[in-house]
Each structure stands twice: as C-alpha cells, then as structure tokens.
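Just below is one structure, and these are the notes that go with it.
Each chain gets a letter, A, B and C, in the order it is written, and its residues are counted from 1.
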Amino acid sequence: MFDIELKAVSKKYAGTEEPAVKNLSLAVEKGSIVTLLGPSGCGKSTTLRLIAGFERPDVGSIALAGKVVSDSNTWIAPEKRGVGMVFQDYALFPHLNIFKNIGFGYKANDHNKRITEVIELVNLKGYEKRYPHELSGGQQQRVALARALTRKPVVVLLDEPFSNLDADLRVHMRLEVKRIIKESGATAIFVSHDQKDALAISDSIVVMNEGVVQQMGTPREIYQYPENKFVATFVGQSNILEGKMARDEESVITDLGIIPCSHTHGLKSGEEVYISIRPDSFEMDPEGQIKGRIKESTYTGESIDAVVEIVFDNGTRRDLLTHIHPEKEVKIGDLVRFKVLPHFIAVIRHD
Amino acid sequence: MKNNNMSQLNIKQNSEVGEETSPTILLFLRRIWLNIWHGNPPGPVLLLFGLTVAIIMSIPIIYVIWRSLFAGAERWMRLLDERIPRLLWNTLSLTAAVTVCTVIVGVSLAWIVIRTDIPGRNIWRWLLALPLVIPPYVGAVTYIIVFGRSGWARDFWRDTPWLVNSFGDYRVNIFSFWGIFFVLSMFTYPYVYLIASAALRKMNRNFEEAARSLGMSSSQIFWKVNLPFLRPAIGAGAILVSLYVLSDFGAVAMLRYVTFTAAIYFQRASFDTASAAVLSLVLIALTVVILWIESGTRKKNKYYQTANSYREPSILQLGKWKPLALLYVSAIFFVSVFLPVSVLVYWSNIGIRMGALNERFFGFALNSLRISGFAALLCMLLAMPVIYLKNRYPSVISGIIDRLAYGGYALPGVIVALGFIFIFNNHIPALYRTFYMIAIAFVVRFLPQSMQAGEASLSLISPRIDEAARSLGYPPWKVMLKVILPNMLPGVLAGGALVFVSSIKELPVSLMLRPPGFDTLAVRVYFEAHEAIYHLAAPAALLIIIVSIIPLRYMLSKY
Amino acid sequence: MIKSKKSIIVLLVAILSLSLYATGCGKKANTPAAPPKGSENVNTDPGQLVVYSSRNERFTQELLDKFSADTGIKVLPLHGAKELQIVEEARNVQADIFISNDLGALGYLHLEGLLQGANPKGIETIPANFRSDDNAYIAISLRARGFIYNKDLITEKEMPRSAEDLFDPKWAQLKNGYAITRGGNGGMIGHVSALRYEWGDAKTAEWIDAIRKNSAGIYQGHSEIRKAVGAGEHTFGLVNNYYFHQQLLEPTNNNVGFIYLDQGQGQMGAVANAAGVGLVKGGPNGANAIAFLEWLLLPENQAAFVGASLELLINSQFGAVYPPAVQPHIIDFKDLKLQNMPIKELGNYFQDTRALIEASGLDLDLK
C-alpha cells in the first residue's frame, strides 16, 4: 500500500529557465524511510515542499494515504494535509516551552497523554518546561521530530535534518532518528545532499539531479549497481571506463584488461558499454596486471586516496582513483601494481 | 508504538477533498490569482484584514485628488499665478536649508560621539537624541519666549547699555526665515544623528585598516571610506528631515512663516476647501518626488557585513581638538534641549503657582492619553496584516497595500485632516467629529511607525516557523496571530510606543478634527501660546515632553 | 530576557487598558456635571449644549462655565471655530449655538438659512436693529474700530484719525510702523465690509493693498497687536476698542491711547460691529439652546458676556463692570459717532468681502 504517490509532477519556478522538478513519479510504501538524495538545486527540497503543500505543482498529481491532495482540479492547503515536517533549522516556536511546542495544534482529547508518550519516545522526559533556546542542537531536533509525530501524520518530511549537526552528533542522531521513526511506525521522507546519511538510514533512496530522478533503489543497489554516470560519481567515488562486453557476458574488455563484472543489465557480447569501478575495487598487488605511477596521494586516516597514472599499451594515459590501505607507505612517483577485485563494479548506462 | 490506526485518524483530520471541478473561466481566474501570489496566496481572512487597512489609509489621498480635480481651471490658474510660486519658494528653500544643516550637524555629532574619545561619550550619545521628545512647535514657542520681540533676550539687551550703544537696538527677528530654519534644524537633527550613529557603529574596522595599509591618511579615509559608507544613512536621515519640514504645521504657524501646510490650513479656515485641495496636491507632488528619490537611493543600500569578521571601529583621539568638540556638542545640547526645557520649567513654575494644574488641565491630559492610547492599540493591531502580507506573501497586491500605508504617513497632517473631514462629514456622518474619527486619522498618520518596528522583528523570524505552524494545522491568519505575533511582541510594542508618542505630540489633525469639548494637550499649547499665555501653555508642553521620554528608550534601541 | 519582556508588556497593557476603559466612557457624550442649582427635576439629566465659538476663548469659557454652573447643562465648546464650519456641517449639524465676534458672519449664516428663529424670554431687551427679525441671532456687545497707539512713541495729535489716512504711505515711516491683522480675522472682515458699503469695492481694494504694503506687522489676532504696540514693537495698530481696554490692564507696557476712527465732521463715523450668538438650525440639543438664549438675555449674563473682554455693552444700563484702570476710558456708544450702516447689513456683505480680501492677498500674509 502506497502512502505517498506522486504522478508525473513537474514544477517550474517563475523567473527560472529550467523546471525544478521534471515529470517526477514516486511511490512510497507505508512505513518506509525514503531519502531524496542529490546536489543543491536538484529538486529534492522542491519535491518535499510539493508534498507538504507549500508549493503547487504545474502538472501532475499528489496523493497522500489514498486521498488526492493536489492535481488539476484539487488543492488541499498544507494545514489540512496532516503532514508532519521537520525543518533544517528545526523551527521550534521560541515563545512556547517544549511541552507546548510538541503539543501545538494537537486537538484531540488525549492531549496531555499523547504528548507525554511522544516525549518519552524521543527521550526528552523531564525537559517539558524548558524553552527551545535552552536545548542543544540534538535535543532541539528531537523536539522538532516529536512535534511532527504527535498528530500521527500520514508522512513525516525531514529537510536536511542532520546538516546543522557536527560530525559525532550526526552519527549518533542518525541512529536515534531512525529508531524513533521506526518505533512510531511513520512513513518518512528525508532530503539530503549527504550520501552517508542517506545510505545509513534509508530503506530506499531516490537519487535526483536537475529535477529528474536518476535512480531509485535500496542503498545497496544504489551504491553497488549505479545505473548511470551521475549516480556512480555522486554516490561514492568512481572511475568510469569504456569497454566492450566479453564473449562470456560476464566480463568487460577494457584498456585495463578484462574486468569481471556481475551486474551487466543483460547486455550481449560485443556491445559497447561503460563500467564504473570504485576505488575500493583496486587492491595493491605486486603481481597485479595494472601498472601505474602514483601522481597524488592524500592520507585521510581511514585510507590513502591515491590518484594513479596508468599508461596503456597504446600510449594513452589515464588517471585512476584508488584507495590504498592506510598502513602502506607510498610516495608520489612510486611505481605500483594493482589487481581488480570483483566488488563494486557495475555496468552503467551509455549516457 | 505502531501506526495501526494511524491512517484512519489522519483521514478524518484531512477529510476535505478540496474544491469541486471548476469551469474554465474560474480556472483561468484562479491561475491569474495564483500567479499574482507566486503560487502562495494568503487565506481570505488575512487578505481582507489587509485590504481594510489599505482602504482606510487611502482616504486622504483619494479626497485630495478628487477635490482638486474638481477645483476648476480658473482656480488652478489663479493659484498657480500668485500663491503657488511663492509658496514653492518658501517651502523648498526652507526644506533644503534645514536638510543641509541637519545633515552637517547630525553627521558631525554622530562622528564625534561614536568615533572620538570625547569625554562623557556614553552620556552624550543619548543626550544628543533628546530633542526628539520636544515637538518643534514647542521649541518654537520657547524660542519666541526667549528671542521674541518682548522676549528675555530683548529685555536683556535693552538693559545692557554697551550692547545698545555698539549694535543699536535689539534686532533679532525670530519670526523670519532664519528663525524657523534654526528652530526646525535644532529639533530635527536627531533623525540624521541617530541613523548616522547606527551606521557608524556598524562600520567594520577592517575597511579602515585596509585603507590605512594602502597608505591613506585619516582625512582621506574619512572622505573615501567613511563618508561613502555613510551615504545611505545620510540619505535616509535627509529624507526623513525633508519630509518632516514639508509636513510641519505647528512650528511654521507659530513663527509666522507661510509654507504650504500653513497656507492649506488658513485656506481651509476661510473655507476655500477647493483651493486647499489644490495646494495639497502640489504638496503631495513634492512629497512623492522626495519619496521617489529615496527609493532610488534605497536600492543601492545593500550592505553585506560578514558577521564573523566584524570588529568595532577604532576610537580616534581628539587631542587638542577636545575642548572645541566639547564646546560644540555642549552648545548644540544647550540650544536644543537645555534652553527650551528651562524656559518651560520656568513658566510652568509660574503657572503651577497660579493654579494651572486644575481640573481642566487634567481633563486635557486625559484626552491626550485616551486618544493616543487608543491610536497606539489600533496601530499595533492593524500593522500586523500589512507587514505579514508584505513579508510572507509578497506580491503586487501586498506591495500596493504597503505603499498605501506609507502614503498616509508621508502626507502632511493638514491634508489627512482635510480628507477625513470631507469623507466623514459627507459619507460617514455617524462618526464625524468623534473620538474614533481622530483615532483613525492618527492611524493613517502613524501606522508606518508601527509597521517599521514590527517589520524589523518579523524579518528575524524564519518563515520556516510559519510553515511549521501550518503543517500542524493552522491557517495563515491564525499563524499570524498566535505564532508570529507573540514572537514579535517587543517589536510590536515598540511600534505602539512610537505611535503613542507621535499621537501625543500631534497638532494639525487634533486641531482640525477634534470634537467639541475634546481639546488635547497639543491643541492647548497651540492656543495658549498664540495668546501668549505662557503660564498655561508651559505645563501642557512640559507634560507632552515628559510623556515622550518614556518610549525614548525604544526609539533609541532601534538605532 | 523574558523578565524584561514581561515588565514591558505589563506597563504597556496598563496604559492601554486605562485608555480603553477611558475610551468606553467617551464618544461624543460625556456624563453631565453637578446637578442644577435650584432645579425641580433633580433626577433627569439636564443634557448638553454644543457651542461653536469664534470669539476669544478666555472670555467665552468664563461665560460658558457660568452657564454650566447655573443650569447644570454640560457645555461642549469648540473654540476657534469659524462661521463657515456651520456651513460645511449643514447636512450633519453638530452645533447648537454659534458665538461670533462678527455680526456679519451671523447675518451671512442667517441668509444661508442655517440659523433658526426663536422667541426667547427677554428678547425685547435687545434693540431691534441689533438682532435679526426672527431672533435667529442677537448681538450683546458692541465694538468699534480704531487705532491703539503707544504714548511713548507718538502723541495723540500726531496720530492719523481716519481709515482713509492709511492710504498715505508716510505712516509706515513711523518708528516700527503699524500693525494690522490677517485678512481672515473677523474684525478685519467686518471693517472691510463697512468700507465697501461706504466707498465701494474699487477704493476698498486699494485700501487693502495699501495697508498690506505699508504695515510693518501682520498678525493673527488683535491680542498680539495690542501687546506689541504696548511694548513699543509698533507705533500703532488697527484694532477693536476693547483691546485698548485690555491693554490698560496689563501690569507693564500699558501706556497706550486710543483713537476712534473718523469722528470728525464730515467723516464717516467709527465702524462698529457687534458680538453675539446665533441659534443653529437643527442642532442636537434644541431645548438647551433656547435655554441658553434665555439665560444669556438676563441682565447679569449680558454683562457677563462682556466679562473680561471689556467691550461695550449694548444695554449699557445693565452695568457691565469695568476695572478702575479702564472705567474712565469707557465711552457710552450712544456718544460715539457711528457709521450709518445698519449693523444687520453686514451679513449681506460677508461673502464678497472675503473674496475681495483674498484677491488682495491679505488673507494669508503674516509678517
């Protein structure tokens, strides 16, 4: 059962050339967490606001919990959609204490009981009388989430919820927020430009660029089997190579050699393809077939990001991104040899 | 906690399906409507609220335009031939002179107090803003008392033989261009002073140090770095001053210098309302020109300060200039605050001993309080929809409402009064010459003060708060009243305080619209000063000043 | 932060609720003052009276206060009102009584049908030519035009004696020149009307021009002129006679004299005018207006009308009281040579006089 359905939605802002969202179709299952992932200006925030009702689509229809809230004949104002929203800056009401913030607009008879429930859910028991400015960033976020959840909304929309937090808090809050949402059983749509957040919490990720959906899938699918160049390079890093399908239809012939590849989209032998090889697919091996010279190297603590210059037999040169184990010592100009591991290699679309 | 019955609950809450299928014309109109509001129209309640305010504000303008159009060509020709050129000269020359003077005085004072090490800086900062609480017509009265033909100065001169012998008889004529020029300058320079101070305080030291590192001297820095930076502030202050001079009535009437406002008042007093309307139209045209200049300069007024790198500007040493600077600052303070207040205290003393603080006096004071309090309340309430629309729902319509609101503010009080008399006498007689009519006229005059104070506060509230409230089920007007207003309260109250003070000091509308038996303090000062009954005028004037001090803190904190 | 916010709120709410409470008590109507003296109906509210007055506030307010004290009727005065305000409000009448310094104005209002006739008790005390035929307006006190002069600066012999003298620019050469009022001033309007009656429009227009050019000071009102002349700021000024009386009462600067205009043989006689009241047609408190008229016609109140203004009473027999300094200078108007224009006529001249004055530019000028 789909809680949220967008059909062929497009929106162009007045005064801009390109539409912010182009012909977007999306269906979100009840109880799942979806992240809209993409760079700035890709249309993900617009999509969120369209669902909430703060923007109107030019064409297309949006339905929440089976009821159409927006199409060419219908428009339901945001205050009537039953959507919960968590903003990037939390937007807590400064003049109300936590209890009143969370209970804002909740009119049912079990007002106090429900609010107490929600406060417990987000682990803020005892903070009811405090005011937003007295809380830390993480606490404020929990209040914002609690406030959105009080009315048991059809969907909770979260706009870049973690971008205001620093690194440690981020990791912690990702888990917290996921737990809270799952425990409440709500459907949630996140918007993020940070792939790590997306990969960590989502049941499903929608990668967007320039208003168009690039790929939809589980985190694993997105990462391991990117379908086009954009997804491959946006989510994680990638080296894109040209090649031809090998006869066995399970590997690809490239200038680097024959690369085994499991995810091939059923392409036939001899067809021209692109493949994406993630830096983690290269392992340093004194007997590896790939020879190159280290051009740049950056120590990140977790690994060494190295750019290796390969010279092919036909004389062309090529830079490859690789990750080298951080305990190895390498210098610029060193000659190294790699082999290719079969992980993280995917055939991607020709465009 | 699972969401088993979650969907059902929500469907009940948002069970409206929405509008039914609409025919094409309605669809077309709806599209235009949506376009005007950039896809985000306000709710009907909010819009109605805003439009009501706009209608009220446009009353005087409509009246003036209407009446002067029907004044007849012959009357236009007669006025254009004789009155208008002379009035234009009088008014414009006074405006220009006062503006230039206040800019020089205001900027120099701001500079001295903010940027130099003059002793007692902190006290001078607010002392020099004090003239704001003295209405210029009160200032005019005190100067007449001192420098008038039977004034203290003349008496002193007469009794000082060597003065008479060297310079002849007392010749200072306060009732002249120089008199009004001096009085208006001394009591309006704070507008420039305060704005310039605020700008100077925000000046980032980095600019100056960068200039110094490029080899500029102090005076070069002043002319090439500081002054250009100050230009928007100077412009804003100059416009406030020139608009004020254009609209001033009390001081010019007291000092017998006939500008457009005085002419309109006397023309109307002889009931040639058509001529009054014609003169009003010319005055409006002048005002529009000034406002147009202002909006042109305002566009260039975008200053971005990188918050993290801000450092307060350095303090310049005065050294040998210290005594001179001190003298200058003290002289201005003496002339614009100390002297007038002393005169008033002196005469109030006499008045109180003669029983001026009687029941009648308190009746007048109560009238002033009532009308000003009511006007302040109305303004606080009515400013909300206008600024809320302007800030959260920008569109052509919001812009028009906003501009209409400022229209009433820029118009001189006599014109507002004329418009109200005409409209209410002929079309809404039930309210004519009542307390409520004056209150509404005050709203027309002072709403923008409430709006400005509110706007500053509103702009600090993120629109996300509005959206959060809406997502939780509140329609736009409810969001405005129950979420935004409480968070704007200091700004709104400050606006109310400003309106309160402006209303207490206000003269032309109170004079022309008051119900029988409802004189305010300002009206009393006018009448009694005219009859030279200073012992009665002074306590009323002093009371006005005292009341004006209360919200001064708010006015100053704005800058 | 919250504490200070709260205190600000408390303070302003206090002020505002005070004003709201006060607002509730007041629109146009106010609760009446003390119960009437010696009135039978102590229980009924005596009501109000709306009085528009173009007369000097000081004299008028005393009179109105006395009326309130005597009858218990609360008076709502609008001082500084002009007669034409009655015209403007014709469709929406606000006033009951109009007190004016200028019978011409009252006459004009009567002509326009804005006053209504009455038959108040005691009306016969006012001579017929000092009231309209239907008693819509009555005159109580008399004033005449003349020159107030500063005795230190000029002697009586050197003074001009006639309005016609002012055609001569030589009077401007006197020390500090002479002073006149704005053309919109009631006394000036009346004077010009009389001159038009006497000389016709053309000569009158020249006269206005002459005094506009030659005068050294043009003032809002006569009070300012008498004080200025008394202080020596001008040698003489064109005023009504009772201002001379008032200046005599000043503690200083009171060395002044007065010349009644045109008293000589063959001269036209002093221009006279009268101050009085008119009954506004359709006013909101008609009964109280009649009560006011009847009260005013009582001898003691006619004298009180003069009050501190020190004008001459038409019914001088009612014995207006003048301070000792002034008494010797009071002239019984029967001894005065007056211009032979019936005072009632002033009304017919009113409108056109104003137009003439305005055409000359004297209207607005203030020097």
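Just so it is clear, contacts are C-beta pairs under 8 Å (C-beta built on N, C-alpha and C of every residue); 3 or more make two chains touch, one makes a residue touch a chain.
All values derive from a computational prediction rather than experimental measurement.
If the chains shown are joined wherever they touch, the resulting network is a simple chain of contacts running from one end to the other without closing.
Greatest centre-to-centre distance from chain A is found for C, with centres as Cα means. Averaging C-alpha coordinates per chain places the centre of chain B 37 Å away from that of chain C. Chain A and chain C have CA centres that are 88 Å apart.
Chain B has its Cα centroid 53 Å from the Cα centroid of chain A.
On chain B, the positions that touch chain A within their shared complex are 1-4, 6-7, 9-11, 13-22, 34-35, 38-40, 43, 462, 464-465, 467-475, 483, 486-487.
By the touch criterion stated above, chain A contacts chain B in their complex at residues 3, 14, 30-31, 52, 54-56, 64-69, 73-85, 87-89, 91-95, 104-107, 117, 121, 144, 147-148, 151-154, 183-186. By the touch rule above, chain C contacts chain B in their complex via residues 5, 8-9, 12, 15-16, 18-20, 22-23, 26-28, 30, 50-52, 56-58, 75-80, 82, 84-85, 87-89, 91-92, 94-95, 182, 184, 220-221, 223-224, 227-228, 231, 233, 253, 354, 358, 361, 363-367. Contact residues of chain B toward chain C in the complex are 82-83, 149-150, 175, 256-258, 262-263, 266-267, 269-273, 366, 369-370, 372-374, 376-377, 421, 425-426, 429, 432-436, 489-490, 493, 496-497, 500, 514-518, 527, 530-533.
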